[in-house]
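Chain lettering (A, B, C and D) follows the sequence in which the chains are written, and residue indices restart at 1 in each chain.
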Amino acid sequence: MTRKLTNAQIAWRAAQDIADGAYVNLGIGFPEMVAKFQPAGREAIFHTENGILNFGEAPAPGQEDWDLINAGKKAVTLKPGAAFFHHADSFAMVRGGHLDVAILGAYQVAENGDLANWSTGPKGVPAVGGAMDLVHGAQRVAVLTDHVTKDGKPKLVKRCSLPLTGVGVVTRIYTSLAVIDVEDGHFVLREKLPAIPLDELQALTGAELHRPGPITDLTVPEL
Amino acid sequence: MDKTIASTAEAVAPIRDGATVMIGGFGGSGAPIELIHALIDHGPKNLTVINNNAGNGHVGLAALIEQGLVSKLICSFPRSADPKVFTDLYLAGGIELELVPQGTLAERIRAGGAGIPAFYTPTGFGTQLAEGKRIAEFEGRSYVQERWLKADFALIKGELGDPYGNLTYRMAGRNFNPLMAMAAANTIAQVSRIVPAGDIDPEAVITPGIFVQSVIEVPRPAQEEVLNREEAAYP
Amino acid sequence: MTRKLTNAQIAWRAAQDIADGAYVNLGIGFPEMVAKFQPAGREAIFHTENGILNFGEAPAPGQEDWDLINAGKKAVTLKPGAAFFHHADSFAMVRGGHLDVAILGAYQVAENGDLANWSTGPKGVPAVGGAMDLVHGAQRVAVLTDHVTKDGKPKLVKRCSLPLTGVGVVTRIYTSLAVIDVEDGHFVLREKLPAIPLDELQALTGAELHRPGPITDLTVPEL
Amino acid sequence: MDKTIASTAEAVAPIRDGATVMIGGFGGSGAPIELIHALIDHGPKNLTVINNNAGNGHVGLAALIEQGLVSKLICSFPRSADPKVFTDLYLAGGIELELVPQGTLAERIRAGGAGIPAFYTPTGFGTQLAEGKRIAEFEGRSYVQERWLKADFALIKGELGDPYGNLTYRMAGRNFNPLMAMAAANTIAQVSRIVPAGDIDPEAVITPGIFVQSVIEVPRPAQEEVLNREEAAYP
């Protein structure tokens, strides 16, 4: 039985929650994978900070147009019904609450919804991009993450120790082991891998997992 | 995705008593006359309306006011060639007026759409229209704090629209329409023509569809100025 | 000898100060006349609050397009190089200091540059339009006005008694009798009609006319 | 009116030591490479540069930094495929960095252009990037006060330009360019093609000419991404 979801599987699970017609911003990197798992019959319109709505997949190699890129500076294509706009209008969409879902990566998420995903501390060159804007305004702010760090420490914590991206902003967390909502300052467990016992999941989580309702099996296809 | 709706009546049906409604247009240019008339037919009461003006003659916004559906108007210039409907009601104490400088009105609406709860502007400093407002100094100059404006609905007028809600506008009919589209929870756009997705060049889109909830085709829309020269009245 | 300029002559005089290539906003009504006196060889680009740059004269009767109007709701035409934009961008041009000149009418102008031109008091329906915005941001804010009210009272005063449009905003006043600058809280007389003696002009003005430099004859063609 | 200028060298000549210069583009899209290279040839020192990024490889903004002309950078994301030039200089203490969230950067630039000295945003509240900034509550939610950004010069890249300075942009090359045009005292635009006045549909103008001081035609402009794949370096 699956003991841990791959990044693609986490992205697949997140994609199942995107409603037909939703406006969605996917963070640079791993969250970008969500786009390819959009369920059939449900159309999501993807937004990128640098001024495109309704862009599509990467072009074939050699077909790139470097004025047609996403926030990760990767070449994209357009779908019918696309639109271009400048950066102030783009972030009006974000900050003004017009996006339905923003999906980001995380270093840490706290049970009060605080997110840390832009800086691992004072060393190196700091860079924030649009993350601090994206956590405000979208109706749902979801996080995709491994349940623990590479050395096995919890990424879901009582309080973030790393520099914050936003305060009380995360609404749902899709991890390699579970689906967890943030409600009233608590982690609420919604789904978990059948192979992971509850006490083991709790031990890998830095704050209490509340269970006010039923816990569904987290089942994801092989990808 | 298909945001098109068959009739103006269906489009305005969700607008309830007490709603705040932004209505695009500057005078008659860019004014969504057919949507306003559909709203009159629908008949919600105690509306708060945001528009640059207060209507002209007995059609469009003036007719909406004349039918007694508007309890408060937020505008910059409630004068026109024939502002009798609003003037009479205002002087009789039958309608509340919040007067806002035109540029501040535009910026407050944009702020509402952009998630900016407040901003500072030099406009109005030292005048009656800044009374009671917070003042701050930046680099030795005084500015007035103004708040965002949002609405439950926006009724706007575009030229082309597509099923995603992407819009273009006709000449200076653009005015407040793209801003109001941003600032309302539910933006209803009448357009002269609905075209298939992809027919509007993505570079030519003025209002990206994310700001628009419904699109209704109204071919050959009425111009308020023309209706008033014909001394038309609605209903 | 001319004892008083007509409105057209006041507008003509104001037009002589508009530089080639200037971006200009003309207030509704009397200031709109300035456009037709633009000196030959000097091109002004006219801005209207409702979202047009580089509009031209009124169309022939019957040729009006009611989506192509100016801030006074009068039909206009376009010149080559025109542009349309929405109201927030239009007032960004105004408030952001991008206009070279704004020319407005006045009920009263005070020697400290205060302008009153939107309300004659609490009765009637108040209306402000773009006047309070236009007095901020333009590099020069000029006023066109009769020197006195219809019943002969000064319109140029020590302090405005009518509701203000803006505080300390006016830089130059073109009246039916004179051209007066506002500098350091004073009226500075620059030009006057030769037919009007200085003491008579002072008597018609509600605050002292300073004369730090030469006073030129205000000469305007018959129009 | 004719705002066209014959060469990029002539266009950037007024830029002096210590100037604040906004440079359009998001990564390489919409980046005015030829204007930046002309600025390197011109060679003013101690520039403060505002751009979303910190350059990539050894061309464009990265080359400007590599030549030692930039003393401060205001940006949101100083990372790229090859940010070595900036990274090395920053870690050696040779360049100052003001890090600004991307949406706040865009809004601060727009505010500079629109005469709005300050505004409130939810972005950054409770984070390091809001430290020392004024906080205010509106309807029970906390917001950070941010100040406008203006510049002495903006170097931007358009697609079409006309003698009045009206501009269009190519696809997502639009990004920060229209905002920077508004916020700089002197906006210099390179365009792929200069067309006669009237050739750009007034409804298709993205940057009205009032925001632009100079227009230079640079046919077939370089793309940073392509230059870097060729491992180009400037000068």
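As a convention for this text, a contact is a pair of C-beta atoms (placed from the backbone, for glycine too) under 8 Å apart; a residue touches a chain by one contact, two chains touch by 3 or more.
Bear in mind that the values here come from a model prediction, so they are computed numbers and not experimental data.
Asker: List every chain that touches both subunit C and subunit D.
Answerer: The shared contacts of subunit C and subunit D, listed by label, come to B.
Asker: What chain lies farthest away from subunit C once each centre is taken as the mean of the Cα atoms?
Answerer: Measuring from the centre of subunit C, the most distant chain centre belongs to A.
Asker: So using the touch definition from the top, which pair is joined by more C-beta contacts, A-B or A-D?
Answerer: Spelling it out, more C-beta pairs touch across A-D than across the other pair.
Asker: From the mean C-alpha coordinate of subunit A to that of subunit C, what's the distance rounded to whole Å?
Answerer: Result: the chain centres lie 56 Å from each other.
Asker: Distance from the CA centroid of subunit B to that of subunit D, rounded to the nearest Å?
Answerer: 34
Asker: Using the average of all C-alpha atoms in each chain as its centre, how far is it in Å between subunit A and subunit B?
Answerer: Here subunit A and subunit B have centroids separated by 36 Å.
Asker: Using mean C-alpha positions as chain centres, tell me how far subunit A is from subunit D in Å, no decimals.
Answerer: 29
Asker: Give me the residues of subunit C that touch two or more other chains.
Answerer: In subunit C, residues 52, 84-85, 88, 91, 94-95, 136-137 touch at least two other chains, as defined above.
Asker: In subunit B, which residues are in touch with two or more of the other chains?
Answerer: Residue numbers touching two or more other chains: 107, 110, 114-116, 121-122, 169-171, 174, 202-203, 206.
Asker: Pairs of chains that touch, anyone?
Answerer: The list of touching pairs comes to A-B, A-D, B-C, B-D, C-D.
Asker: Which residues of subunit B touch subunit D once you look at their complex with the stated criterion?
Answerer: 107, 111, 114-122, 136, 138-139, 141, 143, 147, 168-171, 174, 202-204, 206
Asker: Looking at the complex, which residues from subunit A come into contact with subunit B?
Answerer: 21, 23, 43, 45, 47, 52-54, 78, 80-85, 88-89, 91-99, 136-137
Asker: What residues on subunit C touch subunit B, complex-wise?
Answerer: 48-52, 64-69, 73, 84-88, 90-91, 94-95, 114, 119, 124-133, 136-137, 163-167
Asker: What residues on subunit D touch subunit C, complex-wise?
Answerer: The touching residues are 1, 110, 112-116, 162-164, 166, 182, 196-198, 202-203, 205, 208-211.
Asker: Which residues, counting only subunit B, touch subunit C once they are in their complex?
Answerer: Touch list, subunit B to subunit C: 26-30, 52, 54, 76-81, 83, 86-87, 90-91, 97, 99-107, 109-110, 121-129, 169-179, 206, 223-226.
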